[in-house]
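See the structures that follow.
In the two assemblies presented below, chain A is common to both, partnered first by chain B and then by chain C.
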Partner chain A sequence: MTLVMRLSRPLRSRTLGMLIVRRLLLVPLVLFAVVTIVFFAMRLIPGSPATTLGVAGTEGLSSKQIQENIDALTKTLGLDRPLLEQFGTYLLAVSRLDLGYSFFGSNSVVSLLKNTLPATIELVFTAMIIAVILGVVTGVVAAMRRGKALDSIILAFATVSFSLPWFALGVLGIIVFSVQLGWLPVLGRLPTSLGYQPTTNFVLLDAILQNRPDLVLPWIEHLILPALTLAISMAGFITRMVRASVLEVLGDDFIRTARMKGLDEWHIMSGHVLRNSSLPVVTVLGLQFGSLLGGSVITETVFSYPGVGNLLVSAVNQHDYLLVQGAVFAVALLFILTNVVVDILYYVLDPRLRKA
Partner chain B sequence: MATSPEQSSSGADGSSAAREPILSVRDLRVGFRTRSGVVPAVDGVDLDLYAGEVLAIVGESGSGKSAMSMSLVGLNRGPRTMISGTAHFRGIELISASERQLRSVRGKHIAVVFQDALAALNPLHRIGKQVAEMITLHQKVSGRRAKDMAVQMLGDVGISNPRHNAEAYPHQFSGGMRQRAMTAIALANDPTVLIADEPTTALDVTIQAQILDLLKSLQRELGTAVVIVTHDLGVVADIADRVAVMYSGRIVEIGTTEQVLYAPKHPYTRGLLASTPGVTGPIPASLPTIPGSPPMGAERPDGCSFAPRCAFVLRECATTPILASHDPSDSGHQDACWLGELTIPVPDESRSTL
Partner chain C sequence: MRVTQPSDSVPLSLRSLAARRFGAVSWVGFAAWIIVIAFLLLAVFGPLFIATDPLRQTPGALLPIGSPGHPLGTDNLGRDELSRLVHGARPLIGIALLSTLFAALIGTTIGLIAGYSGGWIDQLLMRTTDLVLAFPSLLLIILLVSVTGAGPFPLVTGITVAMAPSFARLVRALCAREMARDYVTSATLAGTRAPRIMLVEILPNLTGPLLVQVMTTISVAAGFSAGMSYIGLGIQPPQPDWGYMVQAAQQFIYSQPSLIILPATCTLLFVVACNFVGDDLRDRFDLRRDL
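Moving on to the complex of A and B:
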């Protein structure tokens, strides 16, 4: 309960403009930290992209030739320069929004992200929406049935759901719904047979722009299982949050006032409890979005879903430095912007934050 | 047994001496289940409220004032609360009434002003909306009309520029304005009975006086019967027609304001008054003329619960004294003490500060 109280404490900000500016001022700082950490972390991992590249397709070459190959590549990629110099060069490029090229294939990091980031955004936001709906409904029901059997059942499910290795749940989902029952496609985002030519790479948006309603159902079918997998653990968390928050608000004095007016329980719940108890939940939503993004990496891998997470995993395996750095950069940016939106939402919900 | 209206002149309208009470409470008991057993907060209260009168309930903290008044409208109902007894109001027995029945009484016929208006108002709703909600709930009017009525009501309780201030949120109001808004909500449907639980305790002294004046003038204007719970004998002297003194869950003395404040009978009332500088100030936290503190719950002795602190304990006091008049000329002034029964002359030293 103290967590709820702490988190629902009003932010000390005057106007919405100032709030957004303050948050946006943090963006370069956070991004710098993220880029720095990823840059050096990648170089701490044993192995180098030059080795990965130099060894590929080298059957029949002597080890000396291979080594020469690798050395040449190291020079070409600029990996022989002092580390700090490499870092400086990269920072300069990033500040011009130039994220460089993947070492494998000749795609620019930006174009790779353009292809994959929309898929990830679709996945995490769908998961978030599912989690919020599930979490709020079960949380409110549990609070209203406090101490009853239904409350215990919901709480048990919530507790289990966020202590479970939920990607294992994803695998189970694939086995049951895709393999055994054949109701859902196994992997990917859309079947190639549809001949989808991305405009924005957001399928729903493209379906409208290109007038392709036939894209929608397959899109949902591919999305539902990974999104559910990702949503389950977060839903459990929200359930507990909402339940605690609703119970806390129900004990507030203004609920007694509402009762004194002669309002029935339903109107008290819908008119006075829900919005008030959403405040602490909204605050954690932004932070929870972080773990959702983290979870999407594993989920995308399990479901071979062509998002940033999948891209990131293969990039790490290949020591594709610039791609890893660029992908993490993009995900961090997404996280920060989502939190700005959450801040705005909080501000809209709570008039106490607005200037008198 | 029943408290009839006083024959003295300080009644609300003074017209008839044998009016029917609008609210009639009998043997009201309220207990709270706690881990360490049941706390009997109200222990057999009989009380009558007459139309248009102001009845003050006074007593030390924990004497059961809030528990009693809240139970009348079922606002403290819950799995841990046990309420028994009867409270008849307009043909409804409030204690056994269903929530549905109570909802038709709450806000419409009986409204409550709470102590801490900041907490009692929803922080996320505009003031005007909170008043209008009360109106639309019980009157068949359009949302627009309700809003206009709310603005009107806010003006009536002395909020300046009510149309503009109706759009404000509680946190933008001062403490006094919030209590005025709370009063506007409570009086929005012109209720028969207003329960005000320490409506001024949270406010500055000057603001307290303003809110009391407001309550008094609105009460006169609308003819509302008011039950005002207070710690402050000054409040009692200012606005109450009658006073009930509570001690340890029981009413130990009841009568007109004059009778109770200036001719108290019960040793507790006398100690209370003697401990209160100038008779009409706030009751101090500890009563210099009554050593000790009220017994809580299970420690309550058999018989008179004031006995452990009473300077006059008799053998009879081991049996609970009943609330009755000990003045043949006035059945309205009643107290629960054996001294009155036995007509033993009572030493007068505890009233020396009067």
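Moving on to the complex of A and C:
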């Protein structure tokens, strides 16, 4: 017994580190899967990018010229090679972080992503923070007012929130807060008049690095409405999760013990109840992050926000095939890494999971 | 738990069921049903009653609401906004309904087979489903459209592929639960063939949760469809579509916000109403389980 305990103690403390390492080792594997799926999806779906690209904007050309156009593109894109050879070439290039060039303006895909990815990360994570705050507050309030009118209203909002179309929410938000009330700017990330020269392209970080405190307020003003638009769908899930887990925990023995010890309600709520609700919240963050990323594509378009989503949409509209592939790759990378963080958070928050 | 009385014949219990259901109707649920039905009627019959062509350009561009001949004004090309709004209901609702139908058919089939078979078939089907589900749905749709080109057909395909896994998961879980029930065992012992057990014995017992899922999916699919049209990858102009109408009107956000507010609110209203109908159905089916 004692021997087992002594042996298991250092083992357990090592397990968390081991688990994290093991989880991180999975990343390249998952990335490989994503690259494979994107690659084959783009080739197995009927219709070749060369055809779409070759036909675009060719009104007035003869069908022979169009065919030549398509053939030339097929060759440039390497689509005439055997599928496996194409895949090999693509994998090699990706591993060197060479995602090719945009057909328009001949910028490299990687440099375009470098310019846009930070903006998207700022947007998505601000949305997550807003969603957590909104969701936890409404969830706790609903649980404490269980069965009352306020509870029903919050639950009704939580029910509809996840399917609200982002574009409609976004434009209506612009009309109310920017056009009618004039509180917030209509679009963009920062006004050009500020003369912002990106170093890392994370505005908050750059504001510190470049000693430009004047950047912060306009940045927040531009970010708040798109982030809120995105956050609402996620907040609804969190509200429901928090409400349920608070109600569940409130009936537990340790809460009764805490009450008997004379702890006031605020301490019980913050120290005991909410700590137990953190797990379902993290679960929602992980599960809903993909949907949040999808929503960011539309939200960025609504607000002309210069992120990856905006880049992706214009790339698809211009049939800029390599840029599409690269943008999807970047978004998938963000998705995977966030899920890794969520999984690690999970292990940290719930020791029981480490055994599994 | 109520003991079934001899007088409780089928029509009578149905009537009491209906009475109970109507008694339990919340005004939100009721309003949601009315709105959804109104939108469906609008999509099907609306265009028949609007004489104005949604594509006809008149000299008066950007006329305000209440202009003679154009009750909701005109857009920047002088096209009648009311007519465009009514005609725009069809593609949005049509695509939402069609993709939900296909997603439900495919997903239910996969779920039934996985839940009924168990073992490696179950594993294979469900892991594939998880794979699709793990990929952000909107990105999946955009990826598909980027290769095939925009249009209603790729849109329906994309939304179907993105939505089918949720159905598969739901049906598989429900079906696995039903497999433990006596009626399935007795049907199996009676020598009923597998497809018949799945479709005639098990499927009818999944109606409630499936209907709820259908309404939720319609609501999400409508949002996706309009959203894709908004970013220019869905329904292509000149076909009027609410999503595209919002996008085209955004440059007139100061001069004529009604061109944005009307289609955006219509989309929002339809999506929210569908969702509340799903919620209402959920309540009703829970009620039936208690009876």
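Keep in mind that, in the parts below, the second predicted complex is superposed on the first by the 289 of 356 C-alpha atoms of A that agree within 3 Å, B and C clash if a C-alpha of one lies under 4 Å from a C-alpha of the other, contacts with A are read in each partner's own complex, and residues count from 1 in each chain.
Heads up, the rule we're going with is that a residue touches a chain if its C-beta (ideal position, glycine included) is under 8 Å from a C-beta of that chain, and two chains touch if they have at least 3 such contacts.
Everything numeric here is computed off the predicted structure, so don't read it as measured data.
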item: First, second, both or neither for A:D350, with chain B first and chain C second; value: first
item: First (chain B), second (chain C), both or neither touched by A:F254; value: first
item: If touched residues of chain A are counted for chain B and for chain C, the larger one; value: C
item: Which superposed partner A:I174 touches (first chain B, second chain C, both, neither); value: second
item: Touched partner set for A:K148, first chain B, second chain C, both or neither; value: neither
item: Touched partner set for A:D264, first chain B, second chain C, both or neither; value: first
item: Which of chain B and chain C A:K75 touches, first, second, both or neither; value: neither
item: Contacts of A:L293 with chain B and chain C, given as first, second, both or neither; value: second
item: Residues of chain A that touch chain C when the two form their complex; value: 37-38, 41-42, 45-49, 52, 156, 159-160, 162-169, 171-172, 174-175, 179, 186, 290-291, 293-295, 297-298, 301-302, 312-313, 315-317, 319, 321, 324, 328, 331-332, 335
item: Footprint of chain A on chain C - complex, ascending; value: 28, 131, 134-139, 142-149, 216, 219-220, 222-224, 226-227, 230-233, 243, 246-247, 250, 253-254, 257, 260-261, 264-265, 267-268, 271-272, 274-276, 279
item: Residue ranges of chain B in contact with chain A within the complex; value: 73, 75, 99, 103-108, 111-112, 114, 116, 119-125, 133-134, 137-138, 169, 171-172, 182, 185-186
item: For the chain A and chain B complex, residues of the former touching the latter; value: 252-254, 256-264, 271-272, 275-276, 349-352, 356
